[in-house]
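For clarity, chains are labelled A, B and C in written order, and residue numbers in each chain start from 1.
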Amino acid sequence: MFGQFGWHAITLLLIAARWTVLLSVLAFALGGLAGFAVALVRTSRSPVSRTITAAYIEIVQGTPVLILLFLAYFGVALIGIDVPPLLAASIALTVFSSAYLGEIWRGCIDAIPRAQWEASESLGMTRWQQLRHIILPQAFRISLPPTVGFLVQLIKNTSVASLISLVELTREGQLIANANFRPLPTYVAVALIYFVLCFPLSKYSQSLERRLHVGRQS
Amino acid sequence: MYHFNFTPVFRKFPEILSGALLTLIISSLAILLGFAVGVVCALLRTNGPKPLRTLVSIYVEAVRNTPFLVQLFIVYFALPTIGIRLTAVEAGILAMVANLGAYAAEIVRAGIEAVHRLQIEAGAALGMSRLQILRHVVLPPAIEAVYPSLTSQFILMMLASSLLSAISVNELTGVAQLLTSLTFRSFEIYFTIGVLYIVLTLLLKAAFQVIGFASFKRWRRLGGANLVFAPVQRFRRMLESARNA
Amino acid sequence: MSVVRAESVSKRFGELIVLSDVSFDVPKGRVTVIIGRSGSGKSTMLRCINGLEEINGGTLEVLGHNLPLPPRELRALRVEVGMVFQSYNLFPHMTVEENVMIAPRIVKGAGRAEAREVAHHVLDQVGLGDKRDAMPDQLSGGQQQRVAIARSLAMQPQLMLFDEVTSALDPELTGEVLRVIGSLAREGMTMVLVTHEMGFAKNVATEVLFMHNGRIWESGPPDTLFSSPETPELQQFLNAGELRE
């Protein structure tokens, strides 16, 4: 089965995989910063701010990643410059992450009982003090499992960048499969590399979730 | 300065709409079949013999930890080498069903495990068979409990159908790609497509609300404290109070 | 000077009238106990005093300030008014000591050493000096409630509000909490309590207000109020046994 598909191909795939990792880390970090801001605005006291961020989240979550990618790619091209696929992919996936992480973290903030807000309010704290000392520390703890879970989603979604010719793992697989006419071992190898990246993170997310609930039952 | 020109987009609207229709048809089919696969797998995972349980676990973990695009390529490009030749649409639907099935399996499994043991014991005490208990006592509340997660996943799958354009299916994104090569109005086209996907998302959400209302008696009793209808009720109440003020 | 002065206070939640024409006076160093059925408005009245709820009509003066207040003044007022809740509301991610120290540090700007000293003092006052490094979920309900009292005391308030602080506790644990509150009263703390503990009210209260349907139905010193109720509603309330001896 691994006739014309050998170690050379696997090496090429692994080298291409570093773009997958780079893109994931970049989008997660930048999207995370933006997402944090989105979550805070989404839970602010101004109904206007809340509605705007809610709309932003709905719009991004209601659009396929591929379309976000094309919009970034052709959108940036409007300024007239030659768009490197990595830039377009980074922009698209950062926007994608900011909406999903913003929604996840908003949910975690909302999960903190109102009683915590009232107790800290009654002690005379400002809203920022409440968030910084009381609400966010608690929200952070419960945000870990879904955040790690999202990272897995992000890594998988970087594969869509192959469709704007970013030579990450999936694209490299396409190129190799088109050259050696052995799509089965090639794409299975691609899948395996993604699996090796994602499975440990998935398991970690599950173990975080379990630990969270064990702690609660005491 | 780039001039936005949506006219070519509007002229090609019939093609765009037919693409959207194909997206809806493919997605609906995939959702129905994927849901069925998910329920069967969830039941096997919670009530089946150990080897089947392990098999389902492997299936679920393999699908959930690999990208849908790669799964699609395997079904369309790799399967022919072992004799399974499918058209692009068939391959797309199969990949979607396999993908959605795995996610649905996990979601429904969580719902099944959340059904209280006492309920099952009550069913057994009434003389119900294992299958009857599953069908009448376990599955309905399980599905109702996980309905939001389940329908979210369905909508995500509809959005993922956009990737079928990569194997030349002329669903909404595929049509868009065709049109960009014809008109070169790339940004306007993809913007319109984006809006259409949001419309499709809202349509599906509304449809799932209606289905939920029709299926779950508790929803009807709670008088529609649910997403789609609540704003409508609030609006009506506001009109009434404005009229009575 | 009165610590709390209410004159014809009224409050609505939408269409529902929760308080109407409530007037009372809490002089310095006195203990006022509010009793009544659930829904009578007693908790709402208490929550209006520290601004968690806003009044819609009448005058409410707390420590010389007229509520409602703008945010900055409200925060300053809350430094002087301590509130203890039915569900203790301790911060679960902090130790007992940190729970008590946090507000003096970040609201009053006390240094760490100074705040720690105050924390030790008030924790000793409530009898939990040895539990400084415990986490809230390691303590019993009564202990958690006493920490909540210490947390409010650490701010050195001029007025303490207690909202049914023993209602969520097992009977064995209420005693320790009531003892702490009683000793605070003897030391001259001005207090308003909403409670069902009749024995406590008899021993410690200077005035008892019976609320019914959002109004003060009867008021007076505990001895006369409990032994010779004037209105049928109060008689019914006392006979219904909602109060604990």
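Here, contacts are C-beta pairs under 8 Å (C-beta built on N, C-alpha and C of every residue); 3 or more make two chains touch, one makes a residue touch a chain.
The structure displayed is predicted, hence computed values, not measured ones.
Q: Specify the chain with the shortest distance from its C-alpha centroid to the centroid of every protein C-alpha atom present.
A: Closest to the centre of all protein C-alpha atoms: chain A.
Q: Which chain maximises the distance between its CA centroid and that of subunit C?
A: Centre of mass proxy via C-alpha means gives B as farthest from subunit C.
Q: Looking at contacts between chains, which pair has the highest count of C-beta pairs?
A: The chain pair with the largest number of C-beta contacts is A-B.
Q: Once you find the CA centre of subunit A and the CA centre of subunit C, what distance in Å lies between them?
A: Going by mean C-alpha positions, subunit A sits 46 Å from subunit C.
Q: Can you give the whole-Å distance between the Cα centres of subunit A and subunit B?
A: 20
Q: Centre to centre, by mean C-alpha position, how many angstrom separate subunit B and subunit C?
A: 51
Q: Give the residues of subunit A that touch two or more other chains, as numbers and ranges in rising order.
A: none
Q: Provide the residue numbers of subunit C that touch subunit A in the complex, in ascending order.
A: 50, 52, 71, 75-76, 78-79, 81-83, 85, 87, 89-93, 102-103, 106-107, 137, 148, 151-152, 155
Q: Sort out for me which residues of subunit A touch subunit C in the complex.
A: Residue list for subunit A touching subunit C: 115-116, 118-126, 129, 133-134, 137-138, 141, 218.
Q: Name, in rising order, each residue of subunit A that touches subunit B in their complex.
A: Residues 58-59, 62-68, 70-71, 74-75, 77-78, 80, 152, 156-160, 162-163, 170, 173-174, 177, 182-184, 186-188, 190-191, 194-195, 198-199, 202.
Q: If we count contacts the way the header does, which residues on subunit B are in touch with subunit A in the complex?
A: 2, 61-62, 64-71, 73-74, 77-79, 81-82, 159-163, 165-166, 173, 176, 186-187, 190-191, 193-194, 197-198, 201-202
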